[in-house]
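One chain, subunit A, appears in both complexes that follow, with subunit B as partner in the first and subunit C in the second.
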Partner chain A sequence: MTRGVLMYAHNNSEIDYLKIACANALMVKKNLDVGITLVTDSKTLQWGEDSLSAPFINSCFDNVIEVDKNKVFINNRIFSDTSYTNKILPFYNCNHWQAYALSPYDETLFIDCDYLIMSSALARCWDSGNDIMVNRTIYSPIDDAPPYSKLIDNSGIPLYWATVVYFKKSLIAENLFYVVRHVEENYEYYKNLYCFSSGMFRNDYAMSIAVHTLNGYNNTLPVIRELPISGLLMSWDKDDIQNVNSINDITIYAEKKDKTGEYILSRIKNTDIHIMNKWAISRVTGRLIELYGDDTCLEDI
Partner chain B sequence: MSRGYLILAQNTPDDDYIRLAYALALSIKSSQKGVNNVSLATNERTVSEKYKHAFDYIIDIPWGDLASKSTWKIENKWKYYYMSPYDETIILDADMLFPEDISHWWDVLSLKEIWITDKPRTFRNEIITSTKYRNTFVSNNLPNVYTAFMYFRKTERVGELFRLIDIIFNNWEEFFYEFLDETRPKHLSGDVAYALAIKILGMENECFDKSELLPSFVHMKSFLQNIDETLLTENWPLHFPTYFGTDGKFKIGNFQQVLPFHYHVKTWLTDDMITTLESNVKV
Partner chain C sequence: MDERLQKALEFANYRQTLNAQLQKTKIKAEGSLLYSTNGGNFKITQELIAFIDYLNRLGLDGVSILDKDNIPVHIDNIAEFLKIITSRYFEVTNDYLAEYQEIKKKRNVSSILDVKVDK
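Presenting the complex of A and B:
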């Protein structure tokens, strides 16, 4: 059984997803010690080779898969850098359904490149017996509240986070990604059917609908289980990273709920975390690469 | 040992409960692979011929109609034990449908002499947490009785319970005043009367179980759906769309319904749904 991590990186005019993916790939190597595959496009890769160097990129990933971008797909998103700044930029995310076919592994951890791997917790996925695992449970760094979950609408289905998806090459996983593709291709219809307001295409919604469908349109006996962790730790785009202290140790400014501009310093150690503020993560990718990279790969930058 | 479902249905000026009971009987006949006997208890001497085929027995309410002057028509609910033609009975409210086969429940339910729903669910299959209509239950620490789906076997112990329920129904004002605090209902409530009888006899452990799975049903009162009340009205079909399939199975808000479904809003049941159910029953 081959095992590995799969990540996507499609840069836009301001956010260097490839550099974030490189940093996270080094973190994966340190904490999970499995192969890593990157899915990207030619322009992003060219930018990476110019800014970081091809040998460095190759040292971060075992495989780099180039895919063509769908030029018709337009998906603009508000990218916030704390509560004080935001920008509308293109967000290319319409091809995540290809992950099943593109993954070279029997068992894959498909993660967003901004889900920083700072522990070995996800190693529990391997050989778990489940064909798919994806989380609806999340938790916040700002309080002691127990993990919780959301709905995609007030009266809607549970929101599953496509941030981390474990899948085994299997019929049910293939079907899941098939449904994700179907939802993406018929997004307006599903938007009306499930009454969600977001105009932007979100893989979280497509994944939620796919999970709901494969679970038989009800919550009775779910065939799709959650990941063997207590939840996904979420740092929202209103937060900022205060410092990368050392290996698997960062401190964030977490904005208090309903209190704009008031923060709690929260130290995260040996815990994976989803950093939604792409600018914040971009500000520390150099430091992460420096910390997690070995001398050989750093020489290539 | 005979087994079957019993529906008490009495028409009101506003609602044709016999029609609702007919639809429920059709849905039971078409969905239940095991027990699918259905009896109707009613005071309607002239149940329409077109409805009769769906019922195994049509039973005249014994000891007269105590609800003749009432609009809520619950005064006869203490008579279930005496009206049922079956050794083992599941009582149902008329405004329900069965989307899926629950035949396997019978053998589980028969492990107890009586088993009453105390954990109904939302259409999303969550256990209802709201106590909006249950102040009296909470305030008086009454068991959370929902008689809309209730199993019992005819035994001495269950007969004893129904004798007390009879007394409470027929003297409800005195009992409610004596045993309940100021949150007591100002009218006769079947669920409160049953709960009070169970509490007085100390039969909580006999009538309920820790099981969260069964017996249960989906209760569609809007404000029980674990959803922000300010977004809803009492007319839930305005908020949650229905997809009713040709096989009689249906989705609410794109959630497949698998439990007995207590739709509560009578206008939800359309003639088209009844036609679909009729086509699925081989008479």
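Presenting the complex of A and C:
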């Protein structure tokens, strides 16, 4: 039974997703000790080879799969760097449905490259007997409340987060990704059907609709289970990283609810975290690579 | 600003930071107490351990029990299951206790977060 992590990285003009993926791959090696596959495109890879070096990239990943980008797909998104800076940039995320076919593993943890693996918590997924696991619950670094879940619309279906998806090669997993593809190809229709306001294509929505569909349009006896973690820890794009202290230990500035520019410091130790502020993570990728990389791979940069 | 008010606000900030750190530690521990096997998701609780111990004392094996979402799951080896959940329970609660005590004894924001503040 082969096990591994799958990540995507498609750079835009400002955000070096590949470098973030390299840092996170080293974190995966340290904490989960499984194979890692990267899905990327030729331009991103070329940039990575020029800026980081091909041997370094190969030392981070066991497999690098190059895919063609769909040039017709346009998906602009507001990227925030705290509450003070916003930029609209392209966000290429239309090919996540390919993850099932592209994964070389029997058991796959499909994670966003900005979901930093700072613990071995996701190792609890292996050999669980579940075909797919995906989470509804999230929590924030400054909440003193339990993890919570959301709906994709006030009266809609539960929102599942495609940030981390566990799947085993199985018919149900294949079907799930097939439905994700179908939703993406008919996004306008599903947007109206499920009444969500976002114009931008979100994999979270496509995944939520696919889960709802495969659960038989209800949630009473779900076929698709949740990951064996309490919830996904989310640092929003209004937050910033204060410091990377050491291995599996970072401190973040988390913006207070409804108080722009007021922060609480939050120390995150041995807990995986989704960093939504891409510039914040970009500012510390060098430090993460330095901390998690071994001497052999660091020589290649 | 009035000195007393400033101290009160500093204390409020300290409590907010302390509560958030304690809550994160609690959520981490709760997550570590989740155990997935045979397609079932179990929350390791004192109640689950006591129930499985009871089945084990009865000498039962190969039984079906309900997981945390009331999905029936077959457990082949009750003694092994008991051993896994019991050891996980104590590993997690011991770590939780250590972290909880460490945070609880901190008396200001910078010591909770272990950050240096330039004065």
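Methods note: the second predicted complex is superposed on the first by the 301 of 301 C-alpha atoms of A that agree within 3 Å, B and C clash if a C-alpha of one lies under 4 Å from a C-alpha of the other, contacts with A are read in each partner's own complex, and residues count from 1 in each chain.
Here, a residue touches a chain if its C-beta (ideal position, glycine included) is under 8 Å from a C-beta of that chain, and two chains touch if they have at least 3 such contacts.
For clarity, every value in this text was computed on a predicted model and none was experimentally measured.
Novice: Going by the contact rule set out at the top, does A:L89 touch subunit B (first), subunit C (second), both, or neither?
Specialist: A:L89 sits against neither subunit B nor subunit C.
Novice: So, does A:I65 touch the first partner subunit B, the second partner subunit C, both, or neither?
Specialist: Touch partners of A:I65: none, neither subunit B nor subunit C.
Novice: Between subunit B and subunit C, whom does A:I301 touch in the aligned arrangement: first, second, both, or neither?
Specialist: Neither partner.
Novice: Looking at A:N130 after the superposition, I want to know if it touches subunit B, subunit C, both of them or none. Which is it: first, second, both, neither?
Specialist: In the superposition, A:N130 touches subunit C alone.
Novice: Let me test your reading of the model: by the given contact rule, A:N154 touches which partner, first (subunit B), second (subunit C), both or neither?
Specialist: first
Novice: Report for A:I247: first if it touches subunit B alone, second if subunit C alone, otherwise both or neither.
Specialist: neither
Novice: When both complexes are superposed, which of subunit B and subunit C contacts more residues belonging to subunit A?
Specialist: When the residues of subunit A touched by each partner are counted, C comes out ahead.
Novice: Which parts of subunit A are touched by subunit B and by subunit C alike?
Specialist: Comparing the two interfaces on subunit A, one with subunit B and one with subunit C, no residues are shared.
Novice: Tell me, which parts of subunit A touch subunit C in their complex?
Specialist: These residues of subunit A touch subunit C: 121, 124-125, 127-130, 133, 139, 141-147, 221-222, 225-226, 228-231, 233, 242-243, 245, 251, 264-268, 270-271.
Novice: What does subunit C use to touch subunit A in their complex?
Specialist: 13, 16-17, 19-24, 27-28, 30-32, 34-41, 69, 71, 109, 112-115
Novice: If you look only at subunit A, which of its residues touch subunit B in the complex?
Specialist: 154-157, 193-194, 212, 216-220
Novice: Okay, in this complex, where on subunit B does subunit A touch?
Specialist: Result: residues 124-126, 225, 227-228, 231, 239-240, 251, 253-258 of subunit B touch subunit A.
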